[in-house]
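Below is one structure, written out as structure tokens; comments come after it.
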Amino acid sequence: MRIGVLGAGRIGRIHARSAAAHKTARLAAVFDVDAKAAGAVAAETGASVARSMAEIIEDKSIDAVLICTPTDTHADLIEQAARAGKAIFCEKPVDLSAERVRACLKVVADTKAKLMIGFNRRFDPSFASLQRRLASGEVGKPELVTILSRDPGPPPISYIKHSGGMFRDMMIHDLDMARFLLGEEPVEVSAMASCLVDPAIGQAGDIDTAVVTLKTKSGRLCQISNSRRATYGYDQRIEVHGSGGMLRAHNLHPTTVEKATGDGFASDPTLHFFLERYTAAYRMEMDTFVDGVTEGKKLEPTGEDGLKALILADAAEESAKSGKSVRVG
Amino acid sequence: MRIGVLGAGRIGRIHARSAAAHKTARLAAVFDVDAKAAGAVAAETGASVARSMAEIIEDKSIDAVLICTPTDTHADLIEQAARAGKAIFCEKPVDLSAERVRACLKVVADTKAKLMIGFNRRFDPSFASLQRRLASGEVGKPELVTILSRDPGPPPISYIKHSGGMFRDMMIHDLDMARFLLGEEPVEVSAMASCLVDPAIGQAGDIDTAVVTLKTKSGRLCQISNSRRATYGYDQRIEVHGSGGMLRAHNLHPTTVEKATGDGFASDPTLHFFLERYTAAYRMEMDTFVDGVTEGKKLEPTGEDGLKALILADAAEESAKSGKSVRVG
Amino acid sequence: MRIGVLGAGRIGRIHARSAAAHKTARLAAVFDVDAKAAGAVAAETGASVARSMAEIIEDKSIDAVLICTPTDTHADLIEQAARAGKAIFCEKPVDLSAERVRACLKVVADTKAKLMIGFNRRFDPSFASLQRRLASGEVGKPELVTILSRDPGPPPISYIKHSGGMFRDMMIHDLDMARFLLGEEPVEVSAMASCLVDPAIGQAGDIDTAVVTLKTKSGRLCQISNSRRATYGYDQRIEVHGSGGMLRAHNLHPTTVEKATGDGFASDPTLHFFLERYTAAYRMEMDTFVDGVTEGKKLEPTGEDGLKALILADAAEESAKSGKSVRVG
Amino acid sequence: MRIGVLGAGRIGRIHARSAAAHKTARLAAVFDVDAKAAGAVAAETGASVARSMAEIIEDKSIDAVLICTPTDTHADLIEQAARAGKAIFCEKPVDLSAERVRACLKVVADTKAKLMIGFNRRFDPSFASLQRRLASGEVGKPELVTILSRDPGPPPISYIKHSGGMFRDMMIHDLDMARFLLGEEPVEVSAMASCLVDPAIGQAGDIDTAVVTLKTKSGRLCQISNSRRATYGYDQRIEVHGSGGMLRAHNLHPTTVEKATGDGFASDPTLHFFLERYTAAYRMEMDTFVDGVTEGKKLEPTGEDGLKALILADAAEESAKSGKSVRVG
């Protein structure tokens, strides 16, 4: 299996490395508008630098593409790659507009293209293990899901302005995680949000602190808590209270060293951010994509998963504005 | 300081013991409609058994009363005791009707009676320490408060029917804790609730699984998660994410013993229920009451605290029914 | 059961309170050379102040005595109390000389007196639970026992001088714990020791940092680690590696509060010292004594337990000096 | 820098992969008596398969060799490689005979060869961090070092027979760790050992459960605890009690998932064995070797470190047999 990567920025480089390290796949080509970035990835992985994205998409010898370009290009590229018969891995989100996502997924369906969306957290060893054990019934049926997710610090205001807003940009990961864990689709969404971290974020029309509640048809509940800031690192925890017990996954830390003095016991902050925290998850994610394509298995998370998380994000934003819970699905 | 206790049930006995153990106070008299229960407390504490509640309230040699009778008698007894010039400790809630509470607190204000409401969790050493450290600014301003509170199992249906509902009976503790930690009054309340634990609870018109979101004027957010069931014991955790860091308090366990085998590492369930978990809190609560009365200090939690928690519970119930967030205050 | 307490110092007061709080026992009398100390205990417990220890020992209405006087009086008082037919609880150690202990235990045996030695740690809820679970075979046979025990700071040099040395004064608790856990008698003792905390301790002829290894007949091994100083509080941990798994008991802390900031995660120091750490143990110890006497059960730890721990301490001291392991038993 | 690897067994393959993954080094050649093993490593890393070890050692284009062959070939190969001017990384131990090690290190010294010994644990991120923080004085001077090290299960008897015995084969890692942490050379060694895990190990003349105490000139103490079996995985913990506090490093686990039920809280066993636990350490170790050679820095752990750990192992064995502490250095 020969792979081309579109976009050689921070996340493109990670996926390129994972693809290159896969035991059977080969990273064949890379493109980025920044030739230097593409060159660096090529040097590191043995891939060749393509002159354009089209060159990769049209290359018959390439079986799959990894779409790691800016969000507003995702849907177009998915459609092009789908029509070219490529297997597609696309970073979340497909698009910031649910309408656009639906149209794109129609092309995917019509072309019978294979598409997997990059919700990396599903592949974190702890979260994946928790979900498997939950699904196997170890603690009965899920009743209350708690997701705490906080970034170490806010992105630049320039990023905020084109992010689609905190619900679509940041919380979408947690909304996907909620669906992953609840075992049923949410039918009701309620949200509250504030701008507490940086007034400039508010001036840019966004919020930086938000909570959401989801309810499924049978009454399962989920609470999500987000902040754009955590002084102690990247805070990523999940917890499921079920009819027969509770499962939770804690944060990861650089070392296990603990110091005891008169001030008490002190240990490391959490791993700083997603590159450190989800190193294993990114690797597992790409292995899943490659193996899934190779073995002809269903690829998950699907494009539909991407759409559903976006619909929940839209509903959350609407609820935060209206003060009313919003029905979905 | 001589104290009389009205009601010698489970919680009355605890407060009676704490009062008797106080280094300066003396438990003088006890009454219960169940003479045996009153006798048992008297035997253990050296108090005399009164023939009626009126006898205690009218006894000029008694300085303070502890009201530990059924909820529907609280407001009347507070008024009687206030008019008799007693310092009053009353178990939560003052009443299930906010209207009735307001009328009662008016009597308290008019008579200048001293009144303290039994929100025991504020006196838990860990929760009290967390709140003091938060108030001192150790982690900046609170932004996101998380309160997880689950009972080991539901009460009998007969209790449910007269409980005032889960929000007023159980979550009221968490709503008080939220106010204790947020440092500002909530102005908006949103809730969702389900009946997942026992259909009989739903048939009795109540719910057993509920989540609430609160928002203060400046935008601070709080999430509360409640279940009437936790297989692993009484789950009582709080967490405050502030602008400068995070403070959290974990569960308590009977022992620190940990076992490691091929199945992994295993440690104790949490302490079973409130009597075990809040042993130290109940003692500290009564010491605070006695010392506060003796030293003429302001008694907290106040009657107003009791009223405000009830108003939040009412709003939560309304929100869970209407699907809209409810403004308060 | 009526109890007299000999010695109303720090530890005497603790045992007096526990005895007074027992549901069936009554603290009848207290004596201390410091009349004020005796008076304080009497005021708190309702006991009367005796004019002499003899008065208590000879009082036919008193069933049991608690010996909480300085160590060099223990053996004499045990003998007197044994001859007077009293049940006896004596603080460790019986004496600093194994010869004297043997003679004393002979009197106890001849008079058939009931004697229990105050090795309080056996009654700590966590340690007691660990030992019960170990004895029940939960982790197979014990193979490696690890005992870490460190005081928050050294006692005054004046105390050191009459303490009998660190092995007999401090490590004796750990040597008893080792016997409690190993399930077999140690037959070989090896020790190394240093003076690292305070040179004045060395000048007084003692050491302040010591480690001991014990071996039983079947080859089970135990390591003990002691320091007279721990900046982070009173460090008291035990761990047993068995053929089928491992059991360990962790330290106790004043609260469960944890703070997370850019410096990492921080929690409380350990409980400061034995009065705080072993509060529950002291209460359980006295209950065990009273209930054991009342119900005619064998009292443990026995005088023999006291002697055996002392013999191990003697052997440890000899080994630290000679550089050779010492055979015992 | 071009590297050749001698021996393509389990550990050779790990080092080969690390060398191949290094950003500047290149794995040039591999040899193993098992041609299939060499071929597998070659296929994975792009190295060529050599016809003999001599071919690699004599290849002028190769700058460094990794010696991953059986122990009894190490000293000869170090000498040959040293004479051929290669930088040398050699798995521990250099030899089971201190005499032979001394002779070998003389050749290394005479040829001015660069030599690094594979004590992988020094490179574990948690252990390395602990040591750095200790060396920087964060908790004052070390006073009591505790090292707990247990394998998940014993090796085959055939391995035991040629292992050099538990002290030289297994505990040598802990003896090196002790030297790494104590900050002073041990001058006294005391040991006790038993055969508790498998009588066949005793019949083969070895022991499977052992403890050692070390003392340095200034009186610092270290306790090591070893077992050939731990049902809960590979147990690797270190702890240093210093004059100003305590530092410890805990075990690592596959996930952070915790389950709570009526049985209590349960989490994962430790990572199974050294390949899993020390993945990061092996990578860091090879990076340190390559970077050290490239940048002309002193390579540590040195051959002298290998010798000193062996001398301590010899002393431990002697002490376990004689019942006397043994002076070293």
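Going by the order they are written in, the chains are A, B, C and D; count residues from 1 in each one.
Keep this in mind: a contact is a pair of C-beta atoms (placed from the backbone, for glycine too) under 8 Å apart; a residue touches a chain by one contact, two chains touch by 3 or more.
What you see is a predicted model; the values in this text were computed from it and never measured.
Engineer: Contact counts by the stated rule: is the higher one at A-C or B-C?
Structural biologist: More contacting C-beta pairs are found at B-C.
Engineer: Which one of the chains is farthest from chain B, going by Cα centres?
Structural biologist: Most distant chain from chain B: D.
Engineer: At what distance in angstrom does the C-alpha mean of chain C lie from that of chain B?
Structural biologist: 40
Engineer: Return the distance between the CA-based centres of chain A and chain C, expressed in whole Å.
Structural biologist: 57
Engineer: Residues of chain C that contact two or more other chains, please.
Structural biologist: Chain C, residues with two or more chain partners: 230-232, 244-246, 260-262.
Engineer: Touching residues of chain C toward chain A in the complex: what are they?
Structural biologist: Spelled out, the residues of chain C in touch with chain A are 230-232, 260-270.
Engineer: What residues of chain C sit close enough to touch chain D in their complex?
Structural biologist: So the residues of chain C in touch with chain D come to 141, 143-144, 146, 148, 150, 188, 190, 192, 194-197, 209-211, 213, 215, 218-221, 223, 225, 227, 229-232, 235, 241, 243-246, 323-325.
Engineer: What does chain C use to touch chain B in their complex?
Structural biologist: 125-126, 129-130, 133, 138-139, 244-252, 254-262
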